[in-house]
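One structure coming up, written as structure tokens, with questions to follow.
In order of appearance the chains are A, B, C and D, and numbering begins at 1 in each one.
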Amino acid sequence: MIGNTMSQTVVLGVIGSDAHVVGITILEQAFSAAGFDVVNLGVQTSQEQFAEAAADHDAGAVLVSSLYGHAEQDCQGFHQVLEEAGVDAVTYIGGNLAVGQDDFEQTRRTFRELGFDRVFDSETDPEEAIAALRQDLEITPTESERVSVSS
Amino acid sequence: MIGNTMSQTVVLGVIGSDAHVVGITILEQAFSAAGFDVVNLGVQTSQEQFAEAAADHDAGAVLVSSLYGHAEQDCQGFHQVLEEAGVDAVTYIGGNLAVGQDDFEQTRRTFRELGFDRVFDSETDPEEAIAALRQDLEITPTESERVSVSS
Amino acid sequence: MIRDERIPSDELRRIDDEIRSNWETGSEVDFEEAISYHESLPDHKRFADVLESADKPLLQPRAGVPRLDDQIELLEYLHREGQADLLPTTIDSYTRDNEYGKAQEGLEKARETGEDTLNGFPAVNHGVDGCRELIEAIDAPIEVRHGTPDARLLAAITFAGGFQSFEGGPISYNIPYTKRHGLEETIERWQFVDRLAGAYTERGVRINREPFGPLTGTLVPPSIAIAIMLVEGKLAATQGVRSITLGYGQVGNVVQDVAALNALQKLGDEYLPDEVVVTTVFHEWMGGFPPDEARANGVIGLGGMTAAIARPDKVITKSPQEFQGVPTKEANASGLRTTRQVIDMAIEQDIDIDGIEDEQELIERETRCLMETIHEHGDGDVVQGTIEAFDSGALDVPFAPSDSAKGAVLPARDDDGRVRIFEWADLEMDDDIKEIHKARLSRRADTEGRDQSFRMVADDVDAISDGKLIGRPRSTQSQEGA
Amino acid sequence: MIRDERIPSDELRRIDDEIRSNWETGSEVDFEEAISYHESLPDHKRFADVLESADKPLLQPRAGVPRLDDQIELLEYLHREGQADLLPTTIDSYTRDNEYGKAQEGLEKARETGEDTLNGFPAVNHGVDGCRELIEAIDAPIEVRHGTPDARLLAAITFAGGFQSFEGGPISYNIPYTKRHGLEETIERWQFVDRLAGAYTERGVRINREPFGPLTGTLVPPSIAIAIMLVEGKLAATQGVRSITLGYGQVGNVVQDVAALNALQKLGDEYLPDEVVVTTVFHEWMGGFPPDEARANGVIGLGGMTAAIARPDKVITKSPQEFQGVPTKEANASGLRTTRQVIDMAIEQDIDIDGIEDEQELIERETRCLMETIHEHGDGDVVQGTIEAFDSGALDVPFAPSDSAKGAVLPARDDDGRVRIFEWADLEMDDDIKEIHKARLSRRADTEGRDQSFRMVADDVDAISDGKLIGRPRSTQSQEGA
């Protein structure tokens, strides 16, 4: 699969019962300004709502935000739900992903194992996510995995 | 000895190496306003300077202030020095008289034993000292000892 | 179609009976008996009277724990050690979602383990008697604070339980708090709450109502907050409420904050009926706090200074531990005392800052534009106007999670740190006002040598927790340094 | 008779040789070698340059412990965790009394036991090499702060040791600090200190000198403090000092404090020679602090706010533990960060308070009266004029313990909390200015329903530590309350 043919549509949302809206609003603005088509599902979005929106819009990327510390629980089985809906998109997650976030590398491994292509902490600038997504949508996922992300 | 014949002159000073001037300035003003003749010796006043001034002015009262916590040491033998100089005055002491001033009653006893007629803590209003002095200078010292001082 | 009309008595009784059957403690409520109970309370526990007769800002913290004994101990501590003038009882999240069963489980677990298994006081579960024990134990007025879209049972029980002040409103406890409750639904439910407060008021028990001013707590332009306060104030007045405290959350620019509080009081007096006593409450900074108690105390200090100049009737204080969430009682009391010290040192000074009148005039003009569009959207009915104006985006709140608001308007600070509107979306506003905002933001862009963009918004959101008011780009900041 | 004249070179050398023989480390000083040493220091350790080129207020704490390693660790901590821009080294009391032997005993005991047996850093005992170790270890400029009437040997050693800033002066380190040192004596000794700083300055090493502005720290009327700053600045300039930082201690009324700092800078530029670079330093409240860290943080917050509006070149911060004396390093850093947060949030706001210009004009007129009387008392010589004016009481400092000042003038706050003069004694002042003060104090007396009296003075001295700015009588306070 060659990135250039991939959709420039990005589905954004805050997963679970989390109601933190500021970050997702900023991300929506940043990705729009960077030329992406953004579908912002807002806060308190279920796995199914992500999958449905990604399928409907043939999204190239699904960006999940979580700031209340329950991300691991909220994302269990998420990639299976996406697959079942026929979604073939790059998936990122970012935010405060664990309650006692002492070791982010451990957190990153956890979410990589859940199936996310990239994992960001809450200090990440939108620019960094945009740069990563540009790369991931234009080159094969296998190569993208070799790119080191500093966060 | 009848109080009415006693001198209305009050000698004030901060004893020892103590340089706290604010309290003594306020006291000077308060006693002057109350009609006393005030001799303010200022800060860092020695026992001998108190005695000399009290003798020179035939003082009715010697008021000693101490705020730096070394009053007990600074006042050892003070009443003997006064007596040797021929001073026959009411003596008060007030301020932060002990470093860890947990039990003021204990502190009061200590300074009463050193010879002071009245002992005040640092929260005492000048009015209270003035009222006490008016009493002490008009009635016999024996009776004045029965007056309870709240401080 | 729901309109801004007083709920008729029989309808009030019908709803009251219905909602009181939602949880067992509902049956404890007896209106006549409750009136007698309120009449038995001493003057210094009558919230509206204490607040309205104060001649300097009264301080109130936030606080709520699940067990009654613990809540009494906590409020006693804040009253004694924090010298709080007014006290709060913050309600737990399950109760806010009307999940009284889950709240009951949490409360029972709290009683067994002694741990705070709920994030607030489940007043419905404690019931009328539990509330009264609290009211009797504390020697000051207490307000119910929550965030509940459907607070009907909570109101019925806490009013009967002796509370005389109740925070919230159909917009201010919907838009910032919940995604999918419709505005029509929350307005209808809050009409009941207000009508119940009105029923007590008619019997001489003036229940104080306090719309939640800070809304989303993040760079809310003052005129948007004030318009929503006026709407909620009008809705409450229609139902018979006569003591209304309009709220405002600090944005951090002293001139704008003082101007906004002045405008809030002035427009409140103007838009609300004469028979309503309008007071104001100032919330210390509700956005992100620095992760450092020393710096947090600086934020609190600026809040106290602003309160000393603006002199609202009440100040809701923050604690130095704001960053980490719920503070210890010591930190909570410490925030109260820091605020008290700043206010008491500054309030007798004659501090009149240039530009406050101009800023106030701008805020008033903006607010009038919004009130006018609400009026037009509803053909004169404020309920329909509010629903329609939110629907069209003519009325909007930045960073609103609710589906009832577009959340498309975006704020940014100008070069002095005042909150302006960067993205208007469909917000109704006179063109010349939009030009003023644009010119102000353009001056900031010039200072920073960058275009106006969402980057400013993003930088501003984090600025105070990063130690500044304005989110300058890094290059500008380093130029500033020594 | 001592006059305001530059010490001749041979006399400078004679005194220098003499005082350096007072303690063994004096012989380590070699002026030429010291110049080379200063030239080797990087730009960011050059105190005058860093201070004079800053474009926002730099923060500096107070700190001094006896052992070198501990002092390095303490300053590193305050630089890193407190983000102090400038660092201090506070000297111990024995050194201030020139008791170098006792300081040596204390230092040795500190080294043996690891305890702080001295209340500061005995720089003379540490000698030139010890000072240089400190200068090299810390990545910021460091000032010597002390309170020494005769600081000649301390200056000789610390200047050679690489320090480029030195607090104090013949009046400001005499009148508030000591009872029986005559002014003539301290002026003569400080002429040497200033001349030594001037000698370094002539060789390109601009030693910054900082007269101690707060004086007795208790309700000092701004014009008295400013006049003494101008005198000490002039004396230093005569001896060749070219970087002078005039000081001012917060009185707590924002309008008066901003006006005073403006006046200090303006009159400093006017009265000091053109070749002197004049900067200002603002000391956070030097009077009694509340015995409560939360309330102390409120006092610090008001200080930060004042600094943000007045924008002095430097701020000396207080810690929340001020009440109990020397703070822990954590509390010290905390005071720095609270101040930083308030300044950084408020400094970009356009806060222009009404009445500052009028108050500044009054302060300037008062200061000119005092400078004029000094001029007249000395027939144009500022040294003789100062000595004679203090002697006659035409120049005076309230609450001065020194026998060199009458200490007969008494301040009290007016109804806005500005410091006025209640008892003029023999202080020289135009009658119309006295009338202004009298009218202001009379307004306060009316508000409080009591006569102007020393009671106001007494109440004001304790007010801030009791939680207020103005010492109102209790009956007025309870009227104020809710």
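To be clear about the criterion, contacts are C-beta pairs under 8 Å (C-beta built on N, C-alpha and C of every residue); 3 or more make two chains touch, one makes a residue touch a chain.
Just so it is clear, the structure is predicted and the values come from calculations on it, not from any experiment.
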Point to revise | Separation of mean Cα positions, chain C and chain B [Å, integer] | key: 57
Practice item. For chain C and chain D, let me know how many angstrom lie between their CA-based centres, rounded off. Key: 45
Exercise for review: Please work out the Cα centroid separation of chain B and chain D, and write it as a whole number of Å.
Suggested key: 34
Check your understanding: Residues of chain C touching 2+ other chains?
Key -> none
Study note, to complete from the structure: Going by residue number, chain B touches two or more other chains at none
Practice item. Just say which it is for the chain contacts: an open line, a closed ring, a star, complete, or other. Key: line
Check your understanding: Every pair of chains that touch: which are they?
Key -> A-C, B-D, C-D
Point to revise | Residues on chain D engaged by chain C in the complex (per definition of touch) | key: 50, 53-56, 58, 85, 252-255, 290, 292-302, 304-305, 333-342, 344-346, 348-355, 415-417, 464, 467-470, 480-482
Practice item. Would you tell me which residues of chain A are touching chain C in their complex? Key: 19, 21-22, 25-26, 29-30, 33, 42-44, 126
Check your understanding: Quick one: in the complex, what on chain D touches chain B?
Key -> 177-180, 216, 218, 398-401, 403, 407, 410, 423, 453-455, 457-458, 461
